[in-house]
Amino acid sequence: MSEPGELVVAAVLAIPALSAALLALLPDDRTSAWLNAVASLLTFLCALVLLAERPSPGPFLIVDDLNVVFIVLSTFVGFTTSVFSASYIAHELEIGRLTHAYLRFYHAMYQILMFGMNLALLSNNVGLMWVAVELATLTTVLMVGIYRTPAALEAAWKYFLLGSVGIALALFGTILVYLAARAVVGEGLDAMAWSVLVERAAEFDPALLNLSFVFLLLGYGTKVGLVPLHAWLPDAHAEGPTPISAVLSGLLLNVALFAVLRFKIVMSANPGALAPGPLMVALGLLSVLFASFMLYRRQDIKRLFAYSSIEHMGIVTFAFGMGGALANFAGLLHMTLHSLTKSAIFFCVGHIAQVKGTQQMADIRGLTVSHPVLGWGLVLGVVAIAGIPPMGIFMTEFLIVTSTFARQPVLAVLLGLSLLVALGALLARLNGLAFGDPHGSREPAKASFVPVAIHLGLVLAAGIWLPSTFVAWFQHVAALLR
Amino acid sequence: MDQLALDVAHLFAGGLVLTSFMLLYQDRMTGLINTFALHALVVSFSVAWQAYIQQAPHLYVTAAIALVVKALVIPLALHRIIVRLGIHRTIEPVVGIGQTMLAGIGLVALSVMVMLPITAQAGTLAREDLAFALSVILLGLLMMISRRNAVSQVIGFMSIENGLILAATGAKGMPLVVEISVAFSILIALIVIGIFLFRIRERFETVDIHVLHEHRGEQP
Amino acid sequence: MAIALELVVQLGQMLVVLALAPLLTGYVRKVKARLLRRQGPPLLQPYRDLLRLVRKEVVLAQNASWLFRVAPYLIFATTWVAAALVPTFATGLIFSHAADMIAIVALLGSARFMLALAGLDVGTSFGGIGSSREMMIASLAEPAMLMVVFTLSLLAGSTQLSSIAASMQGPGVGLRVSLALALVGLIMVAIAENARIPVDNPATHLELTMVHEAMILEYSGRHLALIEAASHLKLLLYISIIACVFVPWGTAVSGQGLGAYVAGLGIYAAKLAAAGFMLAVFETVIAKMRVFRVSDFLGAALMLGFLATLLLFVSRVT
Amino acid sequence: MALQGLLWCIATLLGTGVAAIAMARHRSATTLVYGVALCACMIALAIAGWSLLALDSPGEALTLPVGLPWLGAHFRIDALAAFFLVVVNLGGATASLYGLGYGRHEETPGRVLPFYPAFLAGMNLVVLADDAFTFLFTWEFMSLSSWALVMAHHRRPGNAAAGYLYLLMASFGTLALLLAFGLLAGPAGGYAFDAIRSAPTASLAGVVLVLALVGAGSKAGLVPLHVWLPLAHPAAPSHVSALMSGVMTKVAVYGFVRIVFDLLGPPVWWWGGLVALLGGVTAFMGVLYALMEHDLKRLLAYHTVENIGIIFIGLGLAAAFEANEMPGAAALGLTAALFHVFNHSVFKSLLFFGAGAVLTATGERDMERLGGLIHRMPFTAFAFLIGSAAISALPPFNGFVSEWLTFQAILLSPALPQWLLKFLVPAIGALLALSAALAAACFVKAFGVSFLGRPRTEVARDAAETDRWSLASMFVLVALCLLAGILPGYFIDALAPVSQALAGAHLPRQEQLDWLTIVPIAQSRSSYSGLLLFLFIALAAGVGAEVIHRWASAATRRSAPWDCGFPDASPVTQYTAGSFSQPIRRVFGSVVFRAREEVHMPPPGDVSAARMHVRLHDVPWDVLYVPTAKLVSFAAERLNKVQFLTIRAYLTLVFGALVVLLIVLAVWQ
């Protein structure tokens, strides 16, 4: 029982909660934007400590190889996004898209969202995790609707309805898991604790587990944005404030997928249960195929990248579905890198949309000429997301495709071709956005490029060199995932 | 556990399914809301009964929550809302009642079929409860997709929640976490719905989703 | 010592071809004239023409470049070297290994390349017509030639003219269909390459029909002389290839001594005479064809060569 | 030792690229970047040359702790790698030398300087890579950096589209290679080349070959995967075009050789047939495309396609011979192919440099608007002439030697037991001969129309000779064309270790033969001595000139050309590129390109000009690419409807998914 570890975990959860309350009370928005950033920074620093200090699993909270990486990742992206959001929000105030009241609400919600996600990642209890995920979802619902334009309202409404159906299904799944566990573990909290579930999973009733997994996959899959449960995702990304789009793509999808992973571990620990692989492979491949074709007809730049998020979540799900040391490792790495890259892209996109005053790609041209930094940032981001070296996503896609081709050639070919289709769409868009004669306003963007630079730098570094401890964790988790 | 207890529990669960069918059948706003109140009432009874037979006092809380919030508060609120929005007109299901009913029966059959292979290990009570709960959930979904009006969709959604409560209480000895979370989610749901209905009221003259989705970021 | 003799013989060969080439042309012209019941120019007329041209001054077009002036020498040199490497009266000369049949064809290709460029240099449309048509013809003639080479090398297991000649004399060959096809193909190529009827008419200056003459229209004086000499050499070269491959008998083998060389020379002259006569007859009895039918003509040659190869495979296995 | 040196050179290049981002605006950036690149490439060239001659068979290997965590980045230099490094760095050095002058005319150096060294580094790394991941990583990195260079002039019409197509095709090729390596490495993921070699031959070796052919071919420009090449190569700055055409395609060839001859194990006979046939078709189609083309740089790009075809003919023959245990013949085919790799990189770079000089002098790439440049740019013209002669396979230049060797390999084909090959190879030989002859025609057109005749436009009339740096690098290459042409023996000997390593045999040592003759198999069979031919020609020409000028007239007079009594000054009456290629278009085009000529004659009495219009169809494009694009956009259009459903419809989707899964479950249990 390492005391400091406990404290740190408590801090990671407490800081967002407290600052949320504080921000809700603070009237002034200037400072609140920075307070927001500072709070996120503190959370991130505490999370960093977790890399070194791990508390032993308690009844409600746990830190293990699987979530330690994601907690650090999400607090980090949360921090960078808050920095970006500061400059973004300032501009929104100038043009009067947001009022002070809404801004207060926005910052409070932002911290609650962080709290929810950290809790979901840290929780050692299925029920608690469920609550946390729902909390995060509902806060994002409110944030998406914050502009109160008809489109934003509809996006939020759609998100709310689909999301809460997901909530219901996930809860039912959770109950089933409890039932399955209760018969073996006995009543009480233990029957909902990861650490216990994973150990005893072998003795559970397979039928119950199967049923529960169907519901959990669909329930959390709705949040992951797997086709055909994806409908809320593009609009929610497109109509909400860009920092929220970044957090959605970068973190919330990951958190939901993380939940699915937890249950997949339990499933695959039980010999009698049906292998979760085929379901996930099917959904993942469906998502990749669908999303990569959907990329072609997009006119709104944020929707474009929202669909690319669907595609990448599909890739990750596919990888985990395939299983095996290589594919699982690649899947985990892909989740990490995708959240970094995609949020970086959304940072660029946010500034671009603000500078050009539109999200319609038809009106954005020749960025590398008019706004070199933003333009090349976007180019780099798209190159990374398209899986082209030297950026890291190439490594994961390399591992996924090669390891699949040796086992399931047809699936690998399908995946590869749909990746190619997606690449075609992204590059076609990139040609229009970044190259050619510039179009629209040329005034320099008042933006902080640091977050973009850091994210892309990390992705680049990951493509070239990965720290060994990091690799060790992922490999351990990959082994757990079968 | 004696036979009687089982039968009563069975009775309540079955009653819930029946009420779900009634929900599907209703095509008047007011009638719909009233039926939903009944739905919530049945749930609270069944939860109470579970509390009694499981000697689990905390379930009484859940029952009370269900009774007060869902059977009284929400229906009243909804009545207020529809009065304010002035939608007393009949709401037409998209597919005819008949087909909806048939589909519903099919769903019940499906849920039973899915539950069958579960070993008795989980307990017959739990098994039956789960079967009924699942059918309630599916029926609620069916209602959501067969209605085009926001309020009725919300009602469908809340009937799903009831099904969840049924399942949760059926799962013997499940920690309080679940009840709290359910209540919690109902609360959130109410708030959000309120906000939304309010805003929607502000923006449009109707709650009809059909009108909502005319506004889209991207033209086809 | 032996080396020295070898060198002398090689040099002799070079001089022989240079000396005989105009005579061959004159001879063909004479025979043609006779067949047409004309008196015709004297046999030595080509020598006279060359001498006169060499003495005259060169008239250069205004914008002729250095390439225009260098080309004739290169054309002459390459053609001469090519002709000198073909065994005429003796095989297996010291430098005969410097180039096999493919290389000889390619050397002629270099000459043609320069000529075509020279045709384009002045910038009149005649040069253009000539060059473009010449290259079109060549683009078909060269593959046909290479198909013939392919056939021969399949038979003789070599692309070295000397070895081919040697194996042709050997007993193993006998009469083969593919040989006949190859011969016909080679002859057709030779006709096309030397701008003879029916592909081209060396005697005309009628713009629409001429190819070779159009390219050299701007040449005069010593340049023209060199180019004329080159074309004489080319004719000689092709005839000697045909002779060396298909009627290899009587050629001396290097190192047999002077007598053999003289004998070989005599026989070689006889072969030239016969071939020249046949060429003249052929040219008198046939009519010039339209430029765009040349492709069919040469395509036929290509097909013949290809057919020869395939037939050879068949005859090989049986 | 050698390997470290090379890696340091590469690191230097990468560093230069990064530094160039910072100082791109600076004036001296151009000189600095190209200077450093030049030095790095020279050093790398020296090291590579040394290791090609001196290194023993297994070569040097080392592993860096980057790339795949548990694998690391393996690098190895063996004979094959050393040879291709020579090609790469020779190209890089000359291009950098050229760039020292040419780069000054660049209007947006910021878009060229950072990527140029990265491109060089990428090509070097691909050749050095010794595991699948590093190979593909660097391969794609090479594509990416060259894409950036293609996009350097993105505002010119068509360039952006060219870059798009290029990167898409490159990724397609990478995907194919990815799958190929997936098969080679197996599910366990033994990505290191050693592991692949030691592993038993992959079960679907044929599939691997086809994938490798698609992957490497799409980068090298095999028909029908060539469509991007004539668009992308010319779009880049000329020295980069030279690198892409002359060197990058060779790196693709390297990839193919590495996979098929080294990793894949013993070949099967039909592989050779397939590869050689593709090569023949590519050579023929490429040169025909080139003949129809009037854009100077694009014409050169199409000739790259042709020469790649010739190289693949050699490789295919080598595979076929190797499959039939004829190591000597295999060595001949391989040597021919590799020697042509070297030669083509030399003269193609030379030609692109020439085209670049013309471009800077006139701003024109369209031959129809050039002409008469030989007067204004004599040195460039001379260099271009030599390059044209070399690429047209004319003795005594280097192009001829390698094509001659290829022919010798073809002539060995009768010994092959398979009937299909017996019949196929002569046909391929015919295609090769045809393309060689057509290439000559094409370069008569290219040189004649753009350098000879009278200038067709003002810009052509006012052109000026290009700068010293460019000329220097061009003349270096001219010297190489001649050297490799007249002293081929040494080059063939240098290739001996490569063919020894790959085919298990090598050609007989050439250097001690008298008169530096080369003898692939036996003296009696075939031999060629470029040196002798060169000496004879020089001698004969010299003697001729000497004699005539000494004893006959040397007088010259200038006058107007003969105009058949139809006086006209206008250069328009010259033969244009279009009219030059008309006969050949008539002969081949009507079949291959479905070429149609339409002549619009004004009615009698109307004085307006008659107009002739030629329409060509690019058959592979129409048959393969257009339908694919149509298919994708059709699918996109159809699926796009899903974006515009009602919320209820979306809920229905969720509901449907749930019900379907439940039914599946019910059925499964």
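Letters A, B, C and D mark the chains in the order given here, with residues in each chain numbered from 1 onward.
Simple rule for what comes next: a contact is a pair of C-beta atoms (placed from the backbone, for glycine too) under 8 Å apart; a residue touches a chain by one contact, two chains touch by 3 or more.
Remember, predicted model here, so these are calculated numbers, not experimental data.
K.L.:
If I rank C-D and A-B by number of C-beta contact pairs, which comes first?
P.N.:
C-D
K.L.:
Greatest Cα-centroid separation from chain A: which chain?
P.N.:
C
K.L.:
With centres defined as the mean C-alpha position, give me the chain C-chain D separation in Å.
P.N.:
That gives a centre separation of 35 Å.
K.L.:
Taking the mean of the CA coordinates per chain, how far is chain B from chain C in Å?
P.N.:
Averaging C-alpha atoms per chain gives centres 100 Å apart.
K.L.:
Could you state the distance in Å from the CA-based centre of chain A to that of chain C?
P.N.:
The answer is 78 Å.
K.L.:
Once you find the CA centre of chain A and the CA centre of chain B, what distance in Å lies between them?
P.N.:
Taking the mean C-alpha position of each chain, the two centres sit 31 Å apart.
K.L.:
By the touch rule stated above, which residues of chain A touch at least two different other chains?
P.N.:
157-158, 161, 165, 169, 207, 211
K.L.:
By residue number and range, which residues of chain C touch two or more other chains?
P.N.:
Answer for chain C, listing residues that touch two or more other chains: there are none.
K.L.:
Would you give the residues of chain B that are in contact with at least 2 other chains, written as numbers and ranges?
P.N.:
114, 117, 141, 144, 153, 209, 212-213, 216, 218
K.L.:
For each chain, which other chains does it touch, given as pairs?
P.N.:
Result of the pairwise touch check is A-B, A-D, B-D, C-D.
K.L.:
Which stretch or stretches of chain A touch chain D in the complex?
P.N.:
By the definition above, chain A touches chain D via 157-158, 161-162, 165-166, 169, 207, 210-211, 214-215, 217-218, 222, 228-229, 231-232, 234, 274, 279, 290, 293-297, 324, 326, 366, 368-369, 383, 386, 388-390, 394-395, 398-399, 401-407, 409, 412-413, 416-417, 419-421, 423-425, 427-428, 431, 435-437, 463-466, 468, 471, 475.
K.L.:
Once bound in the complex, which stretches of chain D touch chain C?
P.N.:
371-372, 374-375, 378, 381, 385, 389, 392-395, 400, 404, 407-408, 410-411, 414, 422-423, 426-427, 429-430, 433-434, 436-438, 440-441, 443-445, 447-449, 452-454, 515, 517, 523-529, 532-533, 536-541, 544-545, 548, 552-553, 555-564, 571, 573-575, 579-584, 586-587
K.L.:
State the interface residues of chain D toward chain B in the complex, per the touch definition above.
P.N.:
Per the touch definition, chain D meets chain B at residues 640-641, 643-644, 646-648, 651-652, 654-655, 658-659, 662-663, 665-666, 669.
K.L.:
Sort out for me which residues of chain B touch chain D in the complex.
P.N.:
94, 107, 110-111, 113-114, 117, 138, 141-142, 144-145, 147-148, 153, 209-210, 212-213, 216, 218, 220
K.L.:
Which chain D residues qualify as touching chain A in the complex?
P.N.:
Against chain A, chain D makes touches at 65-70, 132-133, 136-138, 140-141, 143-144, 151, 154-155, 160-161, 163-164, 167-168, 171-172, 175, 178-179, 181-183, 185-187, 189, 191, 632-633, 635-637, 639-640, 642-643, 645, 647, 650-651, 653-654, 656-658, 661-662, 665, 668-669.
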